[in-house]
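What follows is a set of structures for review.
Here subunit A shows up in two complexes: once beside subunit B, once beside subunit C.
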Partner chain A sequence: MSLLWYLIAIVILAIPFAAMVFLPINRSKPILLVSFLIFIVFMYGPMLTMGVLSFQGPFGSMTLPAKDLGSLHWFTELRSDSSLMVGVRDGISKSLWISLVVAAITALLSLTLGMAFRRQFRGGGILFYAILLSLMTPGLLLSLGLSFLLYYIGFDKGQGILGYVPIIGVQAVWALPFGFLVMMSVFNRYDARAEEAARDLGATSITTFREVTLPLIWTGVFGAGLFGFTLALNEFERTFLISGAINTLPLKLYIITSSSVLRPYVYSLGVVTILISFLLIAVFLIVSALTGRKKDLAIEEDDGGSMDASALQAAPSGD
Partner chain B sequence: MVISLSSNGDHHALDEARAEVAEAESLGSPEVALAVHATSGPARSPLATLAWIAPGSIWLILFLIAPLLMIVLVSLWQRTPVGFEPFSFTFEAYTRIFDTPVYLNTLRDTIIRAIIVTGLCILIGYPIAFFLARCVKTIKFQIALFIVVLAPFWVAYVVRIIAWLPVLGRQGVINYFLVDVINVVDEPISALFYSTFAITLALVQLYVLFMVTPIFFQLATLDNAAIEAARDLGANPGKVFREVIFPLSLPGVLIGCIFVFVLVMGEFATVRIIGGGTIQSVGTLVNDYYTIPDLPAAAAAATILVAVMTVGVAILLRFSKIREVV
Partner chain C sequence: MSNTGLVLKDVYRIFPGNVTAVSDVNLEISNGEYIVFLGPSGCGKTTTLRMIGGHDDPSSGTITIDGELLNGVNPAKRPITTVFQHYALFPHKSVLQNVEFGLKMQGVDKTAREEQAKAAIDLVGLSAMMDRKPRELSGGQQQRVALARVLVTRPKAILLDEPLGGLDRLLQMKMRVELRALQRELGITFIHVTHNQEEALSMADRIVVMGDAIVQQVGTPEHLARHPRNEFVAKFMGDNNVLHGKISAASGGVVTIDTPYGKVEADGTGTVGEEGAISVRASVVKISTDAVPSINGVKVRLDFAEYLGDSVKLHMDLDGKPFMAKVHEDRYAEIRAYEGKDVTATWAREDGHLLEQ
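What follows is the complex of A and B.
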């Protein structure tokens, strides 16, 4: 047993050296590399431990040492018919639907605000700081304030389809600064000449927007929406006091951790949410990588002057 | 998430910000590029401008500004058995929460915790940001590592908090190592979970990314000419760092500090789940008042919290101004 531990220790110690030799990093500061690796362990270690423990057998415990590793028992448990699991699955589907709506709204609001900030306008500074304010507002306070507002107007929390409105509202506010920053960066490297060309040819501003602007920036809009989806899916504190009977997945998880006896299904549930999140990040990266390549091509074409030509062709095809 | 602090809107700061944007984008990370007041669009009518502004503004007013104003208002209204009586102004809620020393003690603990976590985030986050920004040679690899570092941000906070359970629990990883592997202690330390230590550790892990990101962008966009000039003048690497790189990276540190301080001050879930009800923060106290229900007291507790946060941010900004003068 102790020999195994020595082996593991040697492997762990060898990682920094291997990294020093094989990776394109500055070799004069090994201490920084070691601290970076420790940092990665710090960030991912707990999640990894949780992941390992989620693959235990039926008698698995909440802590180490893991029992009967290699079983999918606690993942199949998520599909059982116990009332708890029915509630959990209900939470997952509610979370997914809410996130989808939040994604659409975040994309739309980020797009309109991004368009707005392409020109300076009165009150632009205030609006900019209001967007950033939502990044800085602690979630619980936002939830508290909105619950007061709902109480004041006599709104029944979590009742019917209307009960989703405040949840979607705060989650979109939370995602908005991220989506907005995505749109700002898109517009910062955006070439407005195609729009000018379309306009010179007599296209109305609505046609120009629909036929020229939107096709050029849709990946940004998509990115903003994806931010909205992921952030909404994982949102807890902002939803906490306004959800009423609507238990999203993070709320359900919180209720489980604070009330019932914990079993490893909590871990398998955690693993599932992590996988969903990482999958979404992967989608985002792939899409932005693909469009990034396309943009490079467009710039090359631009040097030859064909970019303007294609814009000219695009414009009259509007109406 | 690099944000310019061009509060007085002078052109120099704006140009710098633009340069940062360009740099940030050349790193290929659109989601974190800095927002400035762009003027790339074609001219348009005031009506069109209004149409673009309206949806976002209305949404922000409804779901951000109005709730925050509501907190202040409710803190000044009278309490009823189930809620509050609108427009019945009184200071009773404030006198109620200051009746016992609980609130003030909790506020003090919360401030101390926020300062400690912010400090730890600088200590841990700075070397990481420095490594990412200045020790990784190719841009592609830099982006890849940055994404690896940033990815946990998209994992649900509740899940990341739960993940500490098998690490810090009575039979968690740390105790397992201490007792069974290296035999330093005979009995597992049961105080690891449900402790200030555990909360601090979890908070640092949750919020350190808010420190790493702005410092990373600040360091990645440094003017290399200044560094090379210092080097040419014979400064050794330590001196270059102390006198050129570090001072130039301070704006990033400042933004990180503001983020971490504010978010930890308002923290609720971590303290509740890991503290297990034995340790309070202003956030958990607000929630307790809310469930009593004593809504005006919850509002008053939250209002004071916001006031303290604002003062904290003001002090941080002030501190940065002094640094600039020196």
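What follows is the complex of A and C.
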């Protein structure tokens, strides 16, 4: 019986591809549109459901259908003084701070690594794969291994400010390959001739970096940092066994979902964290729109202006 | 300080892997000269320019300007600046900020450097676009910004790497004249690299033809056009016919070469029995239906007459090899009647030019 379901699923998946290959474009378009809409519903449906369910009244349910829609009850609940909510808010603020630090570290390391990889250097290939390796390492095992190591060296997990170090460490290692790949693609498209011109005109390496390089790539650096922030904000596996008493938001949510009766406040919490991420992305987009990349104005190839011989009198005379 | 200009002495550049990019370059460039380095890609011209600019270092040999040794001197410390291929403007800075950059690096204070930068922008005719970003300018305007950006630092010499490469043909023609006029007015040495013969001939005081990592010939445009030293230069300058053969006589300052197409004579000296070659410019070749003379004349088939406006270029076939002639446009109608037929190409002895082997 289950085999039949697999076959049906495969046929449904195959329809848009078959349409693309065998039908003329105007005939295949509606089919593709429908499959695209299915895909969108699949991707954003759960998020939308969560959004809807978070606006229920006090007797709201955990599943559809929603009850007493249009209430902010579960959002105000987030601000209550119950020990649960105090813990959640504590988790949010810890996660925000940790994520900001991870973002800064990711941005800085991605920038310096990107700069380094502009040239060939010995061991570069090995380093490249070593960085990407953290994408493939199973997070929970990393956490387990590190927790044993911390125990072995006598490190007190989750104690004081030092307790944050391993958390920030594993999260930065996790986020680094993403930021690194962002910077690699930035430098791939980067035109180094402007730097050569700057040095030719008397700029030192540091001045060239400040005046030319950084202004041209900083949106990439910011993007690498943004990756660091969102990945750290959602990081669970790697943090799980090494955080000790420090409960980040994902850890707190895990504890709640596994140990207490769930109420729709988890949905409103989800909405709030998504809004935080959206806010950051919006800031990023606004700032990059303000600083760069205005679309090319219409250019007439020659405006009739010319190098004016009468202006030559004012020319610097090489003495 | 002496006024000896830019001197390259025994300059070599050998890249890792024993690739010789530049070999045995000796050049003396006077201050205020317009020099064009001409050659096919990979000939070493850009490497030579980069060594002068300080973006590369000679493997051996010296480069001096007015007696000062430039080897190992940082590009920024040289009284020489480069207009890079594709201009390399700072895309995030306005025209004014681009132009004042060099002065800012020299520590010139803000009001003074703005004033000088504005004068330089005025000089290249872009005063109305001071606050635009490079991407809001046309190719020709970007070129001018690049020029203003180097002029403002008052260098002794300006290096231009394929400066007209990115422009369309009409704008190229215009910029040729403008660049040349600007250079004459300023009296600064311009060293310009190109692979375009026409551009080199029209702009240079002297042309340095490079090929296979060495300097093949140095001379005025006229001299190069009339007296190519060897086959490389003759062929690269274009519109030259080269005929090979064995030297059969050499006396009284005249050399006779037996080619597969007949005997040819040219002024010069040589050794009987050795290989010899002459080049004949397309524009000195005369076309007629007369009998082929016993010397300095060949029978060719006219394939195609190309009308060039002020002249007609004849593409002909000399026993399977191309042969060229250029005649006045008056003769276009007459010449076209010969298409597909055999004609006689002749030239005077003094128009044949003995090439170095």
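For the reader, a short list of remarks on this structure follows.
Methods note: the second predicted complex is superposed on the first by the 247 of 319 C-alpha atoms of A that agree within 3 Å, B and C clash if a C-alpha of one lies under 4 Å from a C-alpha of the other, contacts with A are read in each partner's own complex, and residues count from 1 in each chain.
We adopt the following convention: a contact is a pair of C-beta atoms (placed from the backbone, for glycine too) under 8 Å apart; a residue touches a chain by one contact, two chains touch by 3 or more.
Source: prediction; values computed, not measured.
In the superposed model, A:L113 makes contact with subunit B only, not with subunit C.
Judged by the touch definition given at the top, the superposed model places A:V212 against subunit C, while subunit B stays out of reach. Once chain A of one complex is fitted onto chain A of the other, the partner contacts of A:L53 are limited to subunit B, with no touch recorded for subunit C. After overlaying the two complexes on the shared chain, residue contacts for A:E196 are found with subunit B and with subunit C alike. Set against each other, subunit B and subunit C touch different numbers of residues in subunit A, with B touching more. On subunit A, the patch touched by subunit B and the patch touched by subunit C overlap at residues 196, 199, 292. Touching subunit B in their complex are the following residues of subunit A: 5, 23-26, 29, 32-33, 35-36, 39-40, 42-47, 49-50, 53, 61-65, 105, 108-110, 112-113, 115-121, 124-125, 127-128, 130-142, 144-149, 151-152, 166, 169-170, 172-173, 176, 178, 180-182, 184-190, 192, 195-196, 199, 205, 220, 223, 227, 230-231, 233-234, 236-237, 240-241, 249-250, 253-254, 257-258, 262, 266-267, 270, 273-274, 277-278, 280-281, 285, 288, 292. Residue ranges of subunit B in contact with subunit A, taken from their complex: 1, 3, 9, 21-22, 24-25, 28, 30-44, 48-49, 51-57, 59-60, 62-71, 73-74, 83-84, 86, 124, 127-128, 130-132, 134-138, 141, 147-149, 151-152, 154-160, 162-167, 169-173, 176, 181, 205, 208, 258-259, 262-263, 265-269, 272-273, 283, 286-287, 290, 295, 298-299, 302, 305-306.
Taken in their complex, subunit A has these residues touching subunit C: 191, 193-194, 196-204, 207, 211-212, 215-216, 292, 294, 296-297, 299-303, 305-309, 311-312, 314-318.
Listing the residues of subunit C that touch subunit A in their complex gives 53-55, 74-77, 81-82, 84-86, 88-92, 101-102, 105-106, 116, 119-120, 122-126, 128, 133, 135-141, 144, 149-156, 168, 171, 174, 178, 181-182, 185-188.
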